[in-house]
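Both complexes below contain subunit A, partnered by subunit B and then by subunit C.
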Partner chain A sequence: MLEAKGINAFYSRKQVLFDTSISVKEGEKVILIGPNGAGKSTLLKTIVGLLAPTKGQIAFSGEDISSWSPQRRINSGIGYLLQNENIVPGLTVEENLLLGAYPIKGDLLKKRVEEVFEIFGFMKGRLKDRAGFLSGGERQALAVSMVLMKHPRLLLLDEPTAGLAPKAAQNILEHVKKAQDVIGVKAVCLVEHNLKLALEWASKVIVLVQGRVVFTSDTPELFINNPEELEKYFFE
Partner chain B sequence: MNYVLHLLIMIGIYLILSYGLNLVVGFGGLLSLCHAVFYGIGAYTGTLLMIKAGLPFLPAIFLGMVITGLFALIVGLPALRFRGDSFVLVTLGFQMIVFTILYNWIDLTRGPYGIPGIPRPVIAGVEVTELYQYFILVSLFLVVIVAILFVVCRSPFGLALKALRDDEMAAEGLGKSPVHLFLYAFVISGMVASLAGGLYATYVTYIDPTSFTLDESIFLLAILLVGGTGNMIGPLVGTVFMILLPEALRFLGLPDTVAPNVRQMIYGLTLITLMFLRPQGIAGEFKLR
Partner chain C sequence: MILLSQLLLNALVNAAIFSLLAVGFGLIYRSMRFFYIAYGAVYVIASYAVVAAMQISGFPLYLSIGAGVFLGVLAGVLMDRTVYLPLERSGATPGVLLIASLGLYILAVNAVALIFGNEVKILSRGIEPSFSLGPLVITRMQVIQFLVGWILVTGFWLIIRKNTLMKGIWAMGETPNLVTALGLPCGLMRLLVFALSSVFAGVASLVTALDVGIDPHVGMHALLIGAVAVIVGGVDVYWGWIGGASLLALLQGMAVWQFSSRWNDLITFGILIITLLFRPQGLFSPRKRREER
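Presenting the complex of A and B:
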């Protein structure tokens, strides 16, 4: 479904990704882990087109999207949740959802909003509230909902549980699972620091260290009880 | 009464200008220093289309808006690729270029001599000559413009602009194209300023380039700084304040020899104090950086 091959990316003169390759197949729930500064967020930014790689190729659903604008990539079915605040705090919950859906309107928009209610039930009663007044968990739920409004086939989530209490973090990941059923999201790639939580959720784990993929496994459940087996790569 | 009507007409024209600029500055978060030029292009194209091409008021003014929109598109395309400080500099450059052209293209604009005798608007066979008639005309245009901008600002387009203003990368991550959205806002804003220019020219019946200088662009920005941006109330408060404050200062009873300078100083001090106490403006929701 997604194939990123041999990606080199820089911030100014500092190289962050070194010939990095990852693939996400339909049905997979991938977690991307690694120490701070490993290039996880950079890799997602590069895939979605917010950072132009100097080398490498990105294919989505069999099409080479390397030269596409971020807007075209997102409209073609890639949903992206940026790290940190992803809502507009000054707007209401409803306006934020509208913003996520734009340019979808009319009956289709109403249907999408209903789908969001099905996943995040609390939002129904909070539509007119300012997004800035929501709790941390609710804000992240809203941010995820905004991404879901466009019915992405592939979800790229950059630390959606950052700063949340363990219960709220678990909730978010459970709701992402639910979104796969309700919206029909085909695959998810998640950057996550809460290793145990992510390993319980994922079907594939990729370890990124200093801009390079150092380990990949299709059996993340094997590491749930001994995540240090993965963490050892961080310090090699 | 005539004095009050004149003030109301000028407030109406400046409200149209500030509401248009608010779309770029308040909703888009972009600092434009060339709004007086769009105002001027609207004034000159409307005037020339009426005088030289013999077009009636409404077609002339609307064609002027289209022409100004094209200018905004031409400037906006390169300027919006580089936002932030570069955008400010590009708009400043455009302001200087157009002012120089208006000042020196004597054959077309009569340069510093200006264009006198601009015909009054004729709408449905009625010539708008009286002040109260002009007040009604400006008010009608103002209501239409405010209604359109109200809908635009609450539409997904307006919301997307706000999102880009607050966090461009997050908005881009949601699939919003900054260049396209900012460009639409810039063009709409330019066209609205053009309308104000057309109304101004036919109201004062004389225009010259000194009405459309950088000072004027800065004055328009000051209206938004004082009143506040990012909503529909800020420009109203700012315009009323900035137009009426100098007038109010006339009644201080200062000696004639120092009155103009003291008034200017009080005006400046008031602005400084206001910015110190309320940096987001009197009724604003977004603080310009």
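Presenting the complex of A and C:
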């Protein structure tokens, strides 16, 4: 479904990704882990087009999207949740949802909003509230909902549980799972620091260290009770 | 008392023009987050386009007004495409954009002065018809200024409320990466911001120039009125811009009543400094969570 091959990316003169390759197949729930500064968020940014790689190729659903604008990538079925500033605090919850849905209008828009209520029930009573006044968990739920409004086939989530209490974090991941059923998301790739939580949820784990993929496994459940087996890669 | 009422009526008309200036400036300051000094150049170019159309090409007034607004929009959009956008793509800071904007303003004003001269150009000749409201008097041009100003700023507010793309433009200043990450048409939104800002500058310029004429150096005054109104009212709230503009117009009217119109700039900058000292988020800014500030 998604194939990123041999990606090199820089911030100014500092190289962050070194010939990095990952693939996400339909039905997979991938977690991307690694120490701070490993390039996890940068890789997602590169896939979605917010950062231009100096080398490499990105294919989505069999099409080379390397030269596409972020807008075209998003509208072709990639949903991307930013790590920070992923809602507009000055707008209401409803206005944020409409932004996520743009350019969808009319009955289809109403249907999409109803689907969001099905996943995050609390939002129904908060539509007219200013998004800036939501709690941390509610904000993340709104941010995920905004990404879901366009019915992405692939979800790229950059630390959706960052800064949340363990219960709220688990709640978000459960709702992402629910979103896969309700709106038919085909695959998810998640950057996550809470290893135990993510390993219980994932079907594939990729370890990224200093901009390079150092380990991949299709059996993340093997590491649930001993996540230190994965963390050892962080320090090698 | 009659004098005070007359000055309040005049302030209401000025508030309409100041609001146009504030909305035009605020659109760019809010969504692009840089201090758009060349806004003053767009203001000047729009009216001088009318001068050129009427006095050189012999166009009728209504066609000349259309040409003025169109050329103002063209100037604003071209400035973005040729200067700001390339600078932003090369990673320029807001400070660099401000200096570039100042450069564009000086360039445009000097070019206009070179072509048309430094003296005031009068666009409408003869005595302006006036109407009596009891003891108060209002000219036809003031009625036009009042109606055009308030209809445009209210109409634009209704569009912002209903149009999702406009909400995207509003969001650009707060969360620029999010707007891109949601797949919104950022290029089109940027174009719209500069075009709409120029429309407001152009219209404000024309309704003023048709009343009192235009000279190449009034752009800076218009820019300052727009900028101070936005900062005083609150950058993040549309009606704050209008509130700031109205407050400025009212206080300037009061200054004329008590002192002289020569002190208007003192009022403008006095209220700016007082606001920045005691309520830097603006007088009409909404309550925010601490992490949002």
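FYI, the second predicted complex is superposed on the first by the 236 of 236 C-alpha atoms of A that agree within 3 Å, B and C clash if a C-alpha of one lies under 4 Å from a C-alpha of the other, contacts with A are read in each partner's own complex, and residues count from 1 in each chain.
Methods note: a contact is a pair of C-beta atoms (placed from the backbone, for glycine too) under 8 Å apart; a residue touches a chain by one contact, two chains touch by 3 or more.
It should be emphasised that the depicted structure is a prediction, and the values quoted were computed from it without experimental measurement.
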{"item": "Fit-or-clash call for subunit B and subunit C when the two complexes are aligned on subunit A", "value": "clash"}
{"item": "Subunit B versus subunit C as contact partner of A:86, first or second or both or neither", "value": "both"}
{"item": "Contacts of A:150 with subunit B and subunit C, given as first, second, both or neither", "value": "both"}
{"item": "Partner chain in contact with A:133 - subunit B first, subunit C second, else both or neither", "value": "second"}
{"item": "Which of subunit B and subunit C A:99 touches, first, second, both or neither", "value": "both"}
{"item": "Touched partner set for A:32, first subunit B, second subunit C, both or neither", "value": "neither"}
{"item": "Partner chain(s) touched by A:24 [first = subunit B, second = subunit C, both, neither]", "value": "neither"}
{"item": "Subunit B and subunit C contact sites that coincide on subunit A, given as residue numbers", "value": "48, 50, 70-71, 74-75, 80-82, 85-86, 88-91, 95, 98-103, 146-147, 150"}
{"item": "Subunit C - residues contacting subunit A, complex", "value": "164-165, 167-168, 170-171, 174-175, 177-186, 236, 286, 288-289, 292"}
{"item": "Sites on subunit A touched by subunit B in the complex", "value": "48, 50, 69-71, 74-75, 80-82, 85-86, 88-91, 95, 98-103, 105, 146-147, 150"}
{"item": "For the subunit B and subunit A complex, residues of the former touching the latter", "value": "156-157, 159-160, 162-163, 166-167, 169-177, 285"}
{"item": "Residues of subunit A defined as touching subunit C within the complex", "value": "48, 50, 70-71, 73-75, 80-82, 85-91, 95, 98-103, 130, 132-133, 146-147, 150"}
